[in-house]
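Heads up, the thing below is written out as structure tokens.
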Amino acid sequence: MKAVRVHAYGRAPSLDEVAEPRVVGPFDVLVEVGAAGLCRTDLHVIEGQWAAIQNPELPYILGHENAGWVREVGSAVHSVTPGDAVIVHPLVTCGLCIPCRVGDDSHCEDAVFPGLNVDGGMADLLLTNARAIVKLAPNLQPVDVAALADAGLTAYHAVRKVQPLLTPGTHVVVIGSGGLGHIAVQALAAMTPATITVVDRSDAALALAGSIGAHHTVSGAEGSDALVREVGEITGGGAHVVLDFVGEHSTPEQGITMVRNRGTYACVGYGGELRIPTIELVAREIEVVGNLVGTYKDLVELMSLTAQGKVALETTVYPLSAVNDAIRDLDSGTLVGRGILVPGS
Amino acid sequence: MKAVRVHAYGRAPSLDEVAEPRVVGPFDVLVEVGAAGLCRTDLHVIEGQWAAIQNPELPYILGHENAGWVREVGSAVHSVTPGDAVIVHPLVTCGLCIPCRVGDDSHCEDAVFPGLNVDGGMADLLLTNARAIVKLAPNLQPVDVAALADAGLTAYHAVRKVQPLLTPGTHVVVIGSGGLGHIAVQALAAMTPATITVVDRSDAALALAGSIGAHHTVSGAEGSDALVREVGEITGGGAHVVLDFVGEHSTPEQGITMVRNRGTYACVGYGGELRIPTIELVAREIEVVGNLVGTYKDLVELMSLTAQGKVALETTVYPLSAVNDAIRDLDSGTLVGRGILVPGS
Amino acid sequence: MKAVRVHAYGRAPSLDEVAEPRVVGPFDVLVEVGAAGLCRTDLHVIEGQWAAIQNPELPYILGHENAGWVREVGSAVHSVTPGDAVIVHPLVTCGLCIPCRVGDDSHCEDAVFPGLNVDGGMADLLLTNARAIVKLAPNLQPVDVAALADAGLTAYHAVRKVQPLLTPGTHVVVIGSGGLGHIAVQALAAMTPATITVVDRSDAALALAGSIGAHHTVSGAEGSDALVREVGEITGGGAHVVLDFVGEHSTPEQGITMVRNRGTYACVGYGGELRIPTIELVAREIEVVGNLVGTYKDLVELMSLTAQGKVALETTVYPLSAVNDAIRDLDSGTLVGRGILVPGS
Amino acid sequence: MKAVRVHAYGRAPSLDEVAEPRVVGPFDVLVEVGAAGLCRTDLHVIEGQWAAIQNPELPYILGHENAGWVREVGSAVHSVTPGDAVIVHPLVTCGLCIPCRVGDDSHCEDAVFPGLNVDGGMADLLLTNARAIVKLAPNLQPVDVAALADAGLTAYHAVRKVQPLLTPGTHVVVIGSGGLGHIAVQALAAMTPATITVVDRSDAALALAGSIGAHHTVSGAEGSDALVREVGEITGGGAHVVLDFVGEHSTPEQGITMVRNRGTYACVGYGGELRIPTIELVAREIEVVGNLVGTYKDLVELMSLTAQGKVALETTVYPLSAVNDAIRDLDSGTLVGRGILVPGS
């Protein structure tokens, strides 16, 4: 089959002809890939930033955002059958450790992560297991939802954790309305009655946010003081929740400042540092919440919202063979929405 | 009446003869002070550290940890009657703002704080309101519980917030087992089945902790690496919850390191800074929780535990007139347990 | 002033000229009534059904659903000023008992209930206290919201309690989409992504439900078996939550049957009996939840949804002097929507 | 191997020589049975009461409360190895359905129940799967804990669900302190600071309850009115939570009456009927909660409490070959504590 493989860090991946993966274990599921999302993480993988952390054996196949159709299942799998349209949770989890047993499977103690530490789904076929498979509603197509498998899932997970705090009359601020953030805005609008304020440096991102549920938009291009002051006025003294999809440069500091007393700063983006005097943490009694990927149940819920038409992705579709065009467009900032690679096209 | 007043920052307070406060408003309660706790905050007040924040008009009466007996009540007060033994919540709250309406009264938008911004309770009498009053069970004496009104309340509040996380098989680490920390240890033992590990630099504090509920004690006097490694071994890879009653020097960093993935670092002490890369916050999906004083309901619950004999304070009693002796002993580190000032003695 | 008073049970109330109530206590608030909702409870009061329970001294003024403008406030009230447009929570609560202290004020241990046990608001003026007052957003008028003070509040409270259960992909069934139920449907649509199915005997009620958020409507006029079967098909084996606004005849039994394993049957209506074998309760592990009125915070949240345009009431307006016409129309079933009495008109 | 099999309902089971079960599937675990608890459910099975519900193919092996040592594991099992001492969760669950995915595995949509619908563990060997296996701490022996696998698990699960309600100062009433109830009393004492009141008809059960954590005991042998009145006095107007381990005769009615407004009646026992007017459900805003078995995580937590010495069972041990003696003793009421069958003895 065709597959996009990393041979050496710092070099562009190549489209190779490789052997097809095969169902071996009883819970294995072999998926005919309908679409593979291209994620900024893929760029970081190629650069070698994840080499030490995930340590895959090179060459290996990229791709951790996949949807497609079941081709073959292991002997113990009754939850799906060949031909079913599915989206694939990015982790292959064990089902036996305590995190798996309590619904916290994104912290499985024995998981593999296709596309990061074993062969992923930028290929004709992807091997995963039954615990990663979510069946799609009849009105959903793999090409439309693939990028929700990781980017969307991560945004949804963060929203889901703060949703109980967002009762009528509350304010939520979303910092960064890009690939993840614009999913978060839609999920917030679908699941909470909170007033949503979006901060971004891009006017196009703000315009999109306003059209999908944001009640207020604020340009992050203005100075930090003006930004924080404007958000303070909109929220009447501070947001109940800030969701930070940037997590670097000045956003952690700004985000903490935007939160009202007893409020929550939820961080999804990374790259920077959070610095906060303990007296401020204590005197304002605020909470700081880290967020990582999402659980299987999160993905099921996100697909439910998507099937209801409440969440949608903007995408640009490329054939799998054009992977390096897509990478170039993403890297240069000219890729509009999420890049989606389609095998066999 | 006799009262301990601050006349100028940086100077020792003096025991003055002042006019008695009087019941004016319908919800006022005048309390005959049975005991007033001496708190490290009082030292900071005298030094002037709180001058700008609380801005009381000098001279004013110190004292924010009080218990005693009701002497007189306003026309609308039916919840207590003269003669009732009571403990006094440190805040006088409004009962009308949203925080007050949802049980989050320690964040009342219209509170006064006797002893910090108006006259406090190091005196024969203290004026407060009915919303601050908790009746004592028959087996409790004001002199035994006064210091629970603030120090104990703060510790209890922090424990109460993390208690839902501490199911059987979990680990909690308490950093700093002093005036607040040793109340936390007792509350943890009374309300959770968690394994409790206490870290402190003082052998005496560790010995006390071991006798009131700690399952493991670790000396903070050893180097930071050894400390973190030892806690890691005890907790089998990290605590589910760390309660930091120090909040300065290296404890925020240590505390974050001691937490396992998806764990919670709850901070009560202050003076230092929390610095954490957003990638760590995200990759380990941890939470950071600030804690401030406690609510009225927290104080009611703490008094319930105290009446059951599950929480007790070590104290050293001084007559009110010896306030400067008590301050000197606290400042020099020779005061054992909590200093309690008793008026009229 | 003019006031609608009950002189004897079983007799129509009369419009009397009575003395104006006056502000006496420091937290009193005197409200110029802009609108008073007419509720089926008023009919039951007139019939004498509540006589023993609430035991008001006759004659007394009806009316427990009010909105208007503040005319005068007691000395301690800073939260509103004369001229403010407000809605009035039906209970006058104490602010001191434990339920009041934890946000559960609808269970205040020392409340009075104007219109049920003391003079109510079918009059030019209503005396209440500051704890009952919610300021209206500028875009809300008393005549439009008055009936939300009790009927709407009760519906909202029930929705609010089950809202955490209604994650994406879940099903909620609303039995009875009348005065309360149709508010519940709107609140569910505004605050949850659940699929909403409404059951009612009235085609008009079902048509309205469909236009304000219900995804499916089922006629309760068909036999019980067909009804339960149809709901079972829509919900794919049972609802996660059933909200029963009828609570009599066959609805408790039907409601329990419509719930899936581990689901919740929430009851708001009354008049009937719930009978359930303990083996069914246990084997299906279901929950049954009673609901009564709502808290102050619930009313604040409901007004927030209303100001956002997410909740609206159908009303028919009568002058206060036509109260007995309104009562006759309500009793005979010809009153469309909620009857609203407007004083001074 | 030796096994206790039901050949026909209404007839005593017999000790048969049968073929050993074998590991077939990759997640299978074959357990050398160290102890099998005898449960009243086994008597009901023999009588045929469960025949229609569980529908096992006769003859089949009884036994759903087991602990022992792992003999052999399937190819995919890494969580335990042969020789490990383990307790066996009564359900063999799929790990793929939504209940399994969110930690609600006792409602697995594809479970089998050894001892009820397939061969159980009153035998030398029991075949189960890795998802049912909890490793024992070194200080626990199979013979001491076997009966916690179902009876203890059910009691613990019910306690765990109400534990968040049992803050300091609250009251919990346990109706029926037999095999399940006396575990509940111990779990309540270990995990909550609530005041525990136990109601039972047996003086011996009350004496035991008093020695393992109950603060008050009340004889159920007195008339219902006296009983309810006495509980009302102890609880100061009603319990926050009632746990009913009887669930028949007058206990559901009594339990509802014993609950205070906004309280919870949690039912574990069955056989009777709960009847409650909807007006009472609504006016008192109470909750009714059914409880069934427990989850895998519940069993892990219960084993943690047991290893800490906070939960212990009274047992009477019989050799497996004396199963019919044990059944006779249980049926006649002469069996003290829980009957435990030990194979190979």
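We just call them A, B, C and D in the order they show up, numbering each chain from 1.
In this text, contacts are C-beta pairs under 8 Å (C-beta built on N, C-alpha and C of every residue); 3 or more make two chains touch, one makes a residue touch a chain.
Not measured: the values here are computed from a predicted model.
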Query raised in the report: Counting shared numbers against all numbers at the contact of subunit B and subunit C, is it over half, same, or under half, different?
Result: same
Report summary line: Note: subunit B sits from subunit A at a C-alpha centroid distance in Å of 42
Query raised in the report: How big is the gap, in whole Å, between where the Cα atoms of subunit C centre and where those of subunit D centre?
Result: 42
Query raised in the report: What parts of subunit A, by residue number, touch at least two of the other chains?
Result: 300
Query raised in the report: Mapping chain-to-chain touches, which pattern fits: line, ring, star, complete or other?
Result: complete
Query raised in the report: subunit A touches which residues of subunit C in the complex?
Result: 164, 167-169, 190-193, 300-302, 304-305, 308, 310
Requested in this report: Under the touch definition given earlier, write down the residues of subunit A that touch subunit B in their complex.
Outcome: 99, 104, 107, 247-248, 252, 261-262, 267-292
Query - Residue ranges of subunit D in contact with subunit A within the complex - result: 25-27, 76, 78-79, 95-98, 100-103, 105, 110, 130-131, 295-297, 300
